[in-house]
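Following are the structures in question.
You will see two complexes here that share chain A, one where it goes with chain B and one where it goes with chain C.
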Partner chain A sequence: MSEEKRELTEEEKADRERRKIKSAGAMRELMTKYYIEAKGAEGTDRHIAWITSGAPVEPLIAFDVIPVYPENHGAMCGAAHMNVELCEVAEGRGFSRDLCSYARGDIGSAITKGGPIGGLPRPTFLVACNNICNTVFKWYEELARFFDVPLFIFDTPFVRGDLPPHIEDYSVRQMKEYISFLEKITGKEYDEPRFVEVAARSLFASALWKDVLACNEHRPAPMTCFDAFILMAPIVTLRGTQEVVDFYQALLDEMRQRIEEGIGILPSERYRILWDNIPIWYEMRNLGKLFMELETCLVADTYTSAWTFEGVDAERPLESMARIYTEVYLNINLERMAEKIESLAERYGVDGMIMHSNRSCKPYSLGQYDLAKEFTRRTGKPALIIEADHTDSRWYDRAQVEARIRDFVENLL
Partner chain B sequence: MQRLVEIARDPHGALREAAREGKGVVGYFCSYVPVELIHAAGFTPVRMLQGPPPGEVAGRYMQPFCCSFARSLLEGLGDGTYAYLSAVVMPHTCDTIRNLSDLVETAAPGTRVMRLMVPTVTHTAEAADFMLAETEALKEALEDLAGEELDRERLFQSIRLYNRCRDALAGLKGSGLGNRALYAAYLAFQLMDPEEFLALASSLSRGPADRDARAREAGSAESGGAGVALVGGPVPQLEVFDLLQEYGLEVVWDDLCTGSRFAAGAVRENGDPLRALAERYLGRRPCPTKRDPDNRREEELVKGVAAGGARGVVFLQQAFCEFHSFDYPGLKKRLDAEGIPSVRLDLEHPFAPTGQMRTRLQALSEMMGEGR
Partner chain C sequence: MEVKTIVDECLELWRDPYPQMARLREEGERLVGVLCSYTPEEVLHAAGLTPVRLMGAMRSLTHADAHLQVYCCSLARTDLDMALAGELDFLEGAVFVQTCDTMMRLSDIWRRNTAFQYHGDLVLPIRMGEEVSLPFLVEEVRRFRRGVEEFTGQEIWDDALVESIHVYNRNRRLADRLYRARASNPTALDGLSAMSCLVAGFWMRREKHNELLHEILEGIEDSGEATGGEKVPLLVSGSVCTMPDLYELLLELGADVIDDDLCCGHRYFDAYVDESAPPDEALAKRMWERVNCPAKHQCIEDRFERLVRQVRDSGAKGVVFYLQSFCEPHLFDIPYLRQRLQDELEVPSLVLESELQSFSRGQLRTRLQAFIETISGV
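Here is the complex of A and B:
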């Protein structure tokens, strides 16, 4: 795409300003404050836990532990085009290039303190839940050895169809074990009313996030998935806190206002697309420009909706949380995934689906060939699979991917 | 010996024949499947180790960054190679195999799939109970397939039979059979009727042995050489062991999924047989897909190297296997600290020794010579 640099007219400037999502600034402030607080806690009495994105964070908040997310940091490093050099550090220590680039980058950053914020604060313990993949527990075992800190693994067996009672029982018992682990580490007693309060806030924020995403059912869509990929940071990292509830309430208000005023995120929205898999973080800007040029809006995705939880029973908070975390999108079978993408396609009125076959994420990617066919069979809409890696740009061929996206969009409808 | 080698090289002929004669065969994917249950239900358990080379079926369903081991198995299920199986038991060990158990339903419609979710955590009471519940569920699925209940005594008979097979196999270790013959026996144990295996393995370990003659019969070089330990996943190709022998490397200890991780450790022969099975399978030396809080793999590697008198280590990994890849740097670092040389070979199916593999083995052989 040739980019002619020219001065925007006053009208264009005003239009661009009108379409800009104002809450993005509040989110940057929230995340900056969070990282400053987390980094400032290093070396103090305050506990810092590194935790996987799909793990139950509510107990940490209830125990006043600062949660830190290497995956969120990985996305930052990827978007800042700094993850490859961190991966190379890990590769130099013998970690294969075929391993997840979040993991490689994080190991590299732990060694060098590299990345856009000078690395993450040193953890006092670690929590990993394999509901998103089994790579995380190997990655966290490596971190546990590197930092010489305790590691809690929350083991969530794969769920096929309805949740069987013995899996639920296993998850609930581990939730209780997790609480005991936290009591031992922090020296504090479990305070159930506090946990219920945190869980309620988490649930409330997640419901707000769900409503924010649902705003994109409207035409024109008030945001794209590229915005959602950024705006999801607080629900991933800080759910359970009041600031996050406040942030998503304000974001929802803004989205509803945009709908009311007919403000779409793109100057012109011709096609609507469903996205599958983790974003290609280092390529967000280029792909964003490409889709804008093609008048195509990514209106929904299977990724950001992973943090929309439902069904917490205040009488049985631990049991509810155990069940919620066991049945996340990446821990269910293909049939249930096909149902989900079909439902998203219908609700958001999409014209097709683009799937990112992500070298770094086998549980998300393996099955896409089948899901793509199933999507077309169920909806009559086409699907495109593009090859990349979420943060290792060495596996990405920009010219080829952009050409395939152009062909795909040009042949829509 | 020749029969064991034949089975190890191509199990399908004999198994197809058995299936035709009415003896049901149940395939299983990994060393965490309690084979005793399958056997007690009246089926011959056969480990699915090498399907045809990945081709059209695998390409239609799986990305090329998945291991050729999994791709080959899907190919075999899709192209009819495994059509003689009455059912397939697929444990959820890694993300690839987990997703594969879904893909089988469309790639090979009609395949009866039984799933076994082995916990990732193996050292807690919750995990032990969960493994027991999964073992019970597998028993029920097998009973359903067999059309009859599986009684306690039959289960203990199978447990005793497999324990005796493991003892017989242990007797062959260190008997100087040579790499090919020893690992042909390991593989055959997972690919044939256990009673026939026991008879063959027992006859091998009886009487004054002309070991070199037996090694020659197995088609491998004569026994003897510098001792090495092997670490890795499934290694179903006998050619790998021949390659080691070519460089004068004789295997004296292993931590392989198709070697001692499968075969070592008996099942308790009293009490509740299902709990005994769950305990044995969950309590065995962990594979890299399992949480290893006490660093057992590393400690047992160092101990195994010392006990077996190995002077070097060869890592044999399936290309794209993230679990082994995660463990490799730590294990290597420990070996380096102990002054034990090691090399790594990445395996793909079909196996072809590359120049890089030869260079690495030559280097290892030289390093081991210098360390004498």
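Here is the complex of A and C:
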């Protein structure tokens, strides 16, 4: 602790400044503006939809609906150390502590309007897609009861191996249904050129995001996953808009510039690590410090790359969107996940993997023990599994986790 | 056979069905484990296989902890543990229906770490009962059927499947009669006995179970000793009751289960398969329109409305929610169901979570006793 309080020398300060990611400011502005606009729309005739992070948002943008993401808000509440009290509100209403803490926190915040921004604006309808988990539709059913608003469920059956045609057909049928649902709710007509434009921007932004992440293949890495976890907010919440395209373009330029100038995010980078699962939002600072001290950079993760979509066919926008949303990382079998992990490990040249076994998130966490073994078998690198919860810090044992990380890193190479 | 003898045998099966499964194997049955009530057992039956239900077991774990975290339900953990320990070697394989996140991952983990010859997956839509999902489900049933055919190396003829459907429909009708007989004459057959007779069917050929139910029904329908029951009538809602303890304790404490909303109980035999339609479609249609499991989106009928109807019709004075710890689909529904039961019907409820690795009959008893006392105003 005393070390932290030590005054930095001028040189250290300058170095720190040089290594800072400048686009972070632009992102904060973008997100603040977004939340102000969203909150300002409450009670006006603009539609506000609460939507899950993996759901197709492009139709909403095309219909001028403001999308609001409880999961992004949950991450914010977690980072602000405010999610536990929100969870407790839900628990007081009978929601088990074993339910996802995003869901509990969100239900708590809906009731009390609590959290760093005074809660989310009231939705006029809800959109849930179970490509990330089956928790979301139960959670959104509760929201639908609570707010008494319509809920659209985009159902994406689990995919083993290649996407079978009957799943694809089902997704396409639902895409069309989704559009009709929006037409009915907003009273507007579906405008295909508009949709294609939004979809194209969304894909373009996601391609830029992918390039940003790929910059970390470079040594030293220009950013860590901790930065990526924060910088991903716009691609999650606002993809499909021009501002997001512009933001990621600028971020990409900055990253490339850093590579050119050899600016790494850490003062020194000895080890490179692949991270699995959702961040431990309330521990970002502490873990960030720990890894810096260990000269270890989290260079890649399985989480932020979930928003890098590929393979859209401009001629068949609804069909390709339906396909993309069905085959996301959490909706595929362990073998396909292992392939992704292996390819990330190779591309980013990692020395090992740390998996966050997240008791809030079963689809992300169950199977990790097998994946860890498979990772080591395929890459020859070690894997560590730590136990936590993404926003419920009551499950977290800092001393134990930090000791395990230290041990792990000290034994690398 | 005497009703009592049959019931006792069934109860014993419920308490520990595994030796019976091993026996069936010795008798030449080809067993396939089934973990979920949505499994189209008729397809397995028509292929000459015998579906047997796996409902976990009370045990401490030796193998599963290397593959599953502690925060997943004990059904998944104990079933996997038994499989890894070689205690389920009498099976040729198992079917995994993707109802929840745990099941979806368990299937992969199971497949990767066991050496069974057969592995079946059935992916369900969550939007049951809506037009948009039916064609998908029909195709999924076909895919499942092809998988079984590939495994046995033999085509499943449509007429064989229709015959199996007929056997299972008869089973559903008999189960329904059992529940009705029990409701109209609660002293002739208590909740424990009725449930024993129903679940025993999970571990025998369906034809045999039909005979058994028939015999029981004749026995009690003749008995005529109907007198009003003095026990406190309760309804149990949840997933599966691995062990009869809950039912036994309730009887001991002066209560009785008068109806249930369990997937090893009432939800198991709800709705029939249309015997005049093409079998794949008919099987899909039944799953699609039967009473929803909480792991599916409720669009057919609101769970609460159904529960209210069941409580009213059965005259239950309280509801016991019996679920597995960490089971998200059930846990999400509890608060609103309890709230509304209390507000709209003034029916009290109790939530019990089952963890098979650390089961305590004593604790269960204490909680049930307190609950029954509040109901009967003692």
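Everything below uses one rule, namely that the second predicted complex is superposed on the first by the 410 of 413 C-alpha atoms of A that agree within 3 Å, B and C clash if a C-alpha of one lies under 4 Å from a C-alpha of the other, contacts with A are read in each partner's own complex, and residues count from 1 in each chain.
Keep in mind that, in the parts below, contacts are C-beta pairs under 8 Å (C-beta built on N, C-alpha and C of every residue); 3 or more make two chains touch, one makes a residue touch a chain.
Since the model is a prediction, treat every value here as computed from it, not as a measurement.
Once both complexes are superposed on chain A, the partners chain B and chain C clash. In the superposition on chain A, contact of A:Ser365 is made with both chain B and chain C. When the two structures are aligned on the shared chain, A:Pro382 is found in touch with neither chain B nor chain C. By the touch criterion defined above, A:Phe137 reaches both chain B and chain C.
When the shared chain is aligned, chain B and chain C each come close enough to touch A:Arg160.
Across the superposed pair, chain B and chain C both touch chain A at residues 93-96, 98-100, 103, 130, 133-135, 137-139, 141-142, 145, 153, 155, 157-158, 160, 166-167, 169-170, 173-174, 177, 333-335, 357, 359, 362-363, 365-370. By the touch criterion given at the top, residues 66-69, 71-72, 98, 100-102, 104-106, 108-109, 112-113, 121, 123-127, 132-133, 135-136, 139-140, 143, 294-295, 297-298, 325-326, 328-329, 331-336, 338-339 of chain C touch chain A in their complex.
Residues 93-96, 98-100, 103, 130, 133-135, 137-139, 141-142, 145, 153, 155, 157-158, 160, 164, 166-167, 169-170, 173-174, 177, 333-335, 357, 359, 362-363, 365-370, 387 of chain A are the ones touching chain C in the complex.
Across the complex, chain A is touched by residues 60-63, 65-66, 92, 94-96, 98-100, 102-103, 106, 115, 117, 119-121, 124, 126-127, 129-130, 133-134, 137, 288-289, 291-293, 319-320, 322-323, 325-330, 332-333 of chain B. On the side of chain A, the complex with chain B involves touching residues 93-96, 98-100, 103, 130, 133-135, 137-139, 141-142, 145, 151, 153, 155, 157-158, 160, 166-167, 169-170, 173-174, 177, 333-335, 357, 359, 362-363, 365-370.
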